[in-house]
């Protein structure tokens, strides 16, 4: 029976067909790990902000105004004498929550919609794409302004807004990936074996679409952080004196001359974090070889 | 046929967008009547104006009324300063359009050679440098980038104006100069995406058999890059450019604010704050129309670039 | 500081000026739009004012030849200069002025300010008589063209009110309307037939609204504009001592009234309807620190409605900064009425307001008073303020050429319940204040007026609808080759007040190159 | 061309790829000669290095990560040491190539007439119009009907067979001395394959060119070639004139290959003599014969020592095996 | 007009009986591709039906329509006596599990994100059969049948295997549900010649061991002959000839079959003189606008006027041999 090809040891039959695996593990590169490290650090700082021995970020006059970095105030103080390190760390909370939570939201809503549209096609698809296109055509800032002014300025609402804005692009990406995947022969094979739609989506489609969405999601998070910054810059994010990076930059921009740190530190944190996310996301996307897997 | 179905789709999108705006504005707090009347908001004045603006009607009736007159080309006038909406838009829209156009020309002028060369020598030093540079620019939010550019090029070196707008019709050279920094701010944001898209497509194309065929024919490398590979590699680029341009019409708001440009974004923001809903409604519509038109244009460009996508 | 912009040498004819203002004006019909600071800058380039303030703060005729009250100040006679015409050729005569006056009196809001006017009568081609219901000694200050006093601007009667295009002003002023692109620029060109011989010097003046102070400063540094005005101490701090620009400010001006940055308290809303809470807030607020931190120590700290040095300023009963006392007051309040809820402070979404709020919040917290911000946009600010939809609000108010111009903000008559628009936005009703305001308006003697306004100040500082912070310093920054912007000559000799509340006159401006 | 210098002489050609997995020895010491006017088939399974060999001869491999040794003498000139510029002048003019997949080998965005004309204009100083008329003639000569219209069409508007004809026209455009055809019919149906092979053979004969026909199909090689070289794991393991190879294959691999193919002459359900195992990995070849693990005659020596390519005296038959089929002769 | 059902055996005998199958696809702009036009065939238990034809002639469409993936435009598919085309939803799902399919591309028919063990036990999970132990045991059995060691391969993912091994895995997956009929859509076209023989032998073995019937689609005539009992030749959505394998190859009756056989390159240098004319001229016509009458007439050496007007029916020319040609 089947002469001689029975595989007896992993080594004999298991030499990888292509060297993708090993290349993947090795090839992420130093910059990726630097980026990931930075983002992780910022996340850790933000998560433990309450536990760290930091000054109250809103407390005025914990130090003299406009101090430079020192042991007492790692990044110095702003023109109100608030501790900049504490503010930047607490600001990270808002920015990161706005970034990650909103994209999670977008992924759940947009992902589901895209998945259903891409899988069912037909009328469902038409409705979803039309809605998504309408959302895309709708100026995001007007949407954001409307939601924020309607529901009030709170971290939750800002997050919700950015999540809402991210729904359409995410839905379109997921839809595309789903269509690409639903046409593959392993989906036909699963159906031949009698799998029902739910099972096919769960077992065959999601495992192939999720990496696409997830590898893009870091880039989306970066975009969402910038979006929060933009809203904050327009004074539409969280209420003062709660710090957020964008709000700090907007506030500190006018006092660049006397206390440059007020705007520069949050700018630097934001830049590095967004850069890190973009870079790590891009790397990951390259490495996950999204194209090869989903289309 | 194709154009017809697309046009129909676009009409539906516009319908949904305008209806959505109406609904959204209806939900917004604040009341145009009080905003307009201010101190004069006596009870009967409120009632009179409410009726005048048909704010006492249910939303869908108002929407249909608005739609009816909009379709007849009547977009109404501002509640606040009574300037006809069409005039307000025709004053502000060209600014944004010129800004976006210049920014995209800039972005493409940098992105195309950079993308092509990066793909020609992937992981070469140009590629690495380009990717580092474009990622950095991608990661500076526009409000930081704008402030930075102003500080360097306008305040410190006085090379370009920090604010203001001159129309091309008036003085092309000055117009270019005054649009330079804001356009650059927008362009640098798009740059990374464009370079990545083109580079990826280009690398894929350069791996294709027909490129080998060309090499086997003895076609020089430069000709292969620019004549054989670029055109069929620009589909993704066209797509992302369309998406960016479409989004920029409404997305240049921050840049318009930083550079004090009287664009459609400013008009939109002002009309939101002033509850000038008729103007806002039209702004949203104009932004949506330009988005939709640009994506439509992209659809028309694909077949020009790639005959395989030609219909019929 | 001495005004630094001075014409060196003789003015030169020709050239253009680009002047950046703080924001766009809604329109330029004096009878339809309430001008803000930018509006006034625009307006005095296109229109003539009947009167002006001189460098000592006295009212002097400008387009009018004379403005004279009767002894009781119940009838004012305005004599016009013969031969003046508007840009559209209409004669600038008593009938035209009457049309303007009547149109403003018909205006819902402007009409309120002009309440005491009984009637206007044309008694000669160039003579207009204004009859008052009651003595109105400061009426002439309403003709000088400052915020709250725009009656002095005279537009061509053809263009005023309903029939005209508010964005195509036609006046008799030094410059003629050319074009106006909203939110971008208003361009005016020289009126070749201006009645003031030899003026204006400039061929063209362009106003550009740049709301963001930093953008405005950058524009000047980048050379986009030639001059700007600002109400941000930051601007003074930034340009003070800087080579290559000339800076002027109004820090040393003591007459009239300054714009005062303050926290206004809505006395008709709990818990601020309790005097102890207002006292506590006043005690908890360190205005000196505020001035130092927010206004770089440049702005004079205020302890009342008038600045030190003003004739109306007096040692007042305003509570001194005293955290302990504030705490006691809060405790007292809480014993009686339960925990003090956080005070909602309405601010505008500008970085400056946000910083100011953060600082005040920090101060109040030290006295055990919590507060929370409510952000509104610039455009909604007025609506919220006048409608009483706030508890406390941070803002700058009351700058005027004459204290009488602010009467409506304090009088009981202009208060209204929350939800209805009221100029007396703190809704503080006080008979004594009404009396003081009437006295100030009617008194013709300086001493009587002084007493009246000192009484007003005293009452305000007792009832405490306002927590005073500091005066708002206005500044004017130009390129060095811009001359004639400050203390321009008046038509009949003497010098005009160059910079009050950011309003400047470009009639005599000139470029050295 | 003199008889002493063969049209193409490949000596010890090695082409390795430096990959993250290690060095891939795609072509590992290949030598052969091809006289003008003759057809040599390179026969081998997928991954045996046929394509790499053909491209390596043309110098068409990427610059980066490729290690190349040996010489490629075309009419006595070594292509392997030529600069890119010089090589470019020969490609398309002296040596032309036809690729496997006519779907992807033509530029999808250029009209086919232009693609043929481009080759002409690259190597011949002719006007645009001249190039156009020449390309029309060429296209007609490869059997494209309604040429004038077809020349203005894009590749996707043509059938696979038509496209391959265009490829051939392009290859013939400058009357090359040598054509390398890399599996020119693998993507085509049998009936079309038949047409294309016939066309290639006819053109080769008419223009008396050398033809290197790369294929994995024994049948294709059998009918149209003068000589066959069998490749396995980057090496030529047997080479002989076509008749001789079929009559007396020496290499067990060649034999096994012939046996594993279902023949039309066998009755249904004939059990096939499958070759066990799978083609070897080219990254870490062992020291011995690459076919040893699958070889039915394999002995201890085969795994230890690689057999050299030996020529049977007096013939053009070469093979590399310690235990040749039918014994050593 | 029908293309004939003369070649079908008695309905009771057949495991699968497909009649008058029509498959169409929308081709945009309101046009339709007639991929399969009125084709009938049947498969007896234990029989292998080979289907050959040129690319695009509708082989895959026919194979897929036979399992209603997607359902055909018209026609009936009777499997084990039940007409599948009448079934919907759950019932169809249950009946269809006895027919399984093997695809051309061994790699893309396996989900790259799942482990091979899961892929093969998935069918049992779908049908909720047995516990983990039974599933593993069954998987071990089918893996053994396709010549793979369950323990060595179960934990790995498809990309770690060669094409031949992937094809074995998909055969194993198809066998798990104990099917009666296996539809093989070009299962060896993507494989190397040396591996192809392994898979062909494996299919024969599996057929014997599990009592399968096979529909074997291929374009390689040699391969089809090797596995088939009966062969159907397709051209542009129609059947031209149906005959026992041996006879078809020995004496092709339809001119297309003959041309096809002539065009096959034979690994024998003596078989055909080099330089002879190609067996068949012309190109495969567009399925968007098939020729009238006999679809092969545009390339047929025997074509006459009648061929253009009258569509030939499959008719029995000799016992067991059915040809759709006026001139056969």
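For clarity, chains are labelled A, B, C, D and E in written order, and residue numbers in each chain start from 1.
One rule holds in what follows: a contact is a pair of C-beta atoms (placed from the backbone, for glycine too) under 8 Å apart; a residue touches a chain by one contact, two chains touch by 3 or more.
In UniProt terms, the chains line up like this: A, B = ABC transporter permease; D = ABC transporter ATP-binding protein; E = Peptide ABC transporter ATP-binding protein.
Please read all numbers here as calculations on a predicted model, not as lab measurements.
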{"item": "Chain centroid nearest the full-protein CA centroid", "value": "B"}
{"item": "Reference chain E; chain at largest CA-centroid distance", "value": "C"}
{"item": "Remotest chain, chain D as reference, centres from CA atoms", "value": "C"}
{"item": "Pair of chains joined by the greatest number of C-beta pairs in contact", "value": "D-E"}
{"item": "Interchain centroid distance [CA atoms averaged], chain B/chain E, Å", "value": "53"}
{"item": "Chain centre separation in whole Å, for chain B relative to chain A (CA means)", "value": "23"}
{"item": "Touching two or more other chains - residues of chain A", "value": "3-5, 16, 234, 250, 253"}
{"item": "Multi-chain contact sites of chain E, meaning residues that touch two or more partners", "value": "162, 164-165, 198, 201"}
{"item": "Chain C, residues touching no fewer than two other chains", "value": "214"}
{"item": "List of chain E residues in touch with chain D within their complex", "value": "54-55, 162, 164-165, 192-198, 200-201, 204, 219-223, 225-229, 245-246, 249, 259-272, 274-281, 283-284"}
{"item": "In the complex with chain B, residue positions of chain D that touch it", "value": "55, 58, 60, 84, 88-93, 96-97, 99-101, 104-110, 118-119, 122-123, 154, 156-157, 167, 170"}
{"item": "Chain A-touching residues of chain B, taken from the complex the two chains share", "value": "9, 12-14, 16-17, 20-21, 24-25, 27-30, 135-136, 138-144, 147, 192, 196, 243, 246-247, 249-251, 253-254, 257, 265, 268-269, 272, 280, 283-284, 287-288, 291-292, 295"}
{"item": "Of chain A, residues touching chain C in the complex", "value": "58-61, 65, 79-80, 82, 153, 234-236, 239-241, 247, 250-255, 257-258"}
{"item": "Contact set on chain E toward chain A in their complex", "value": "64, 67, 69, 93-94, 96-97, 99-101, 103, 105, 108-114, 122-123, 126-127, 144-149, 152-153, 156, 159-162, 164-165, 168, 170, 173, 177, 198, 201-202, 205"}
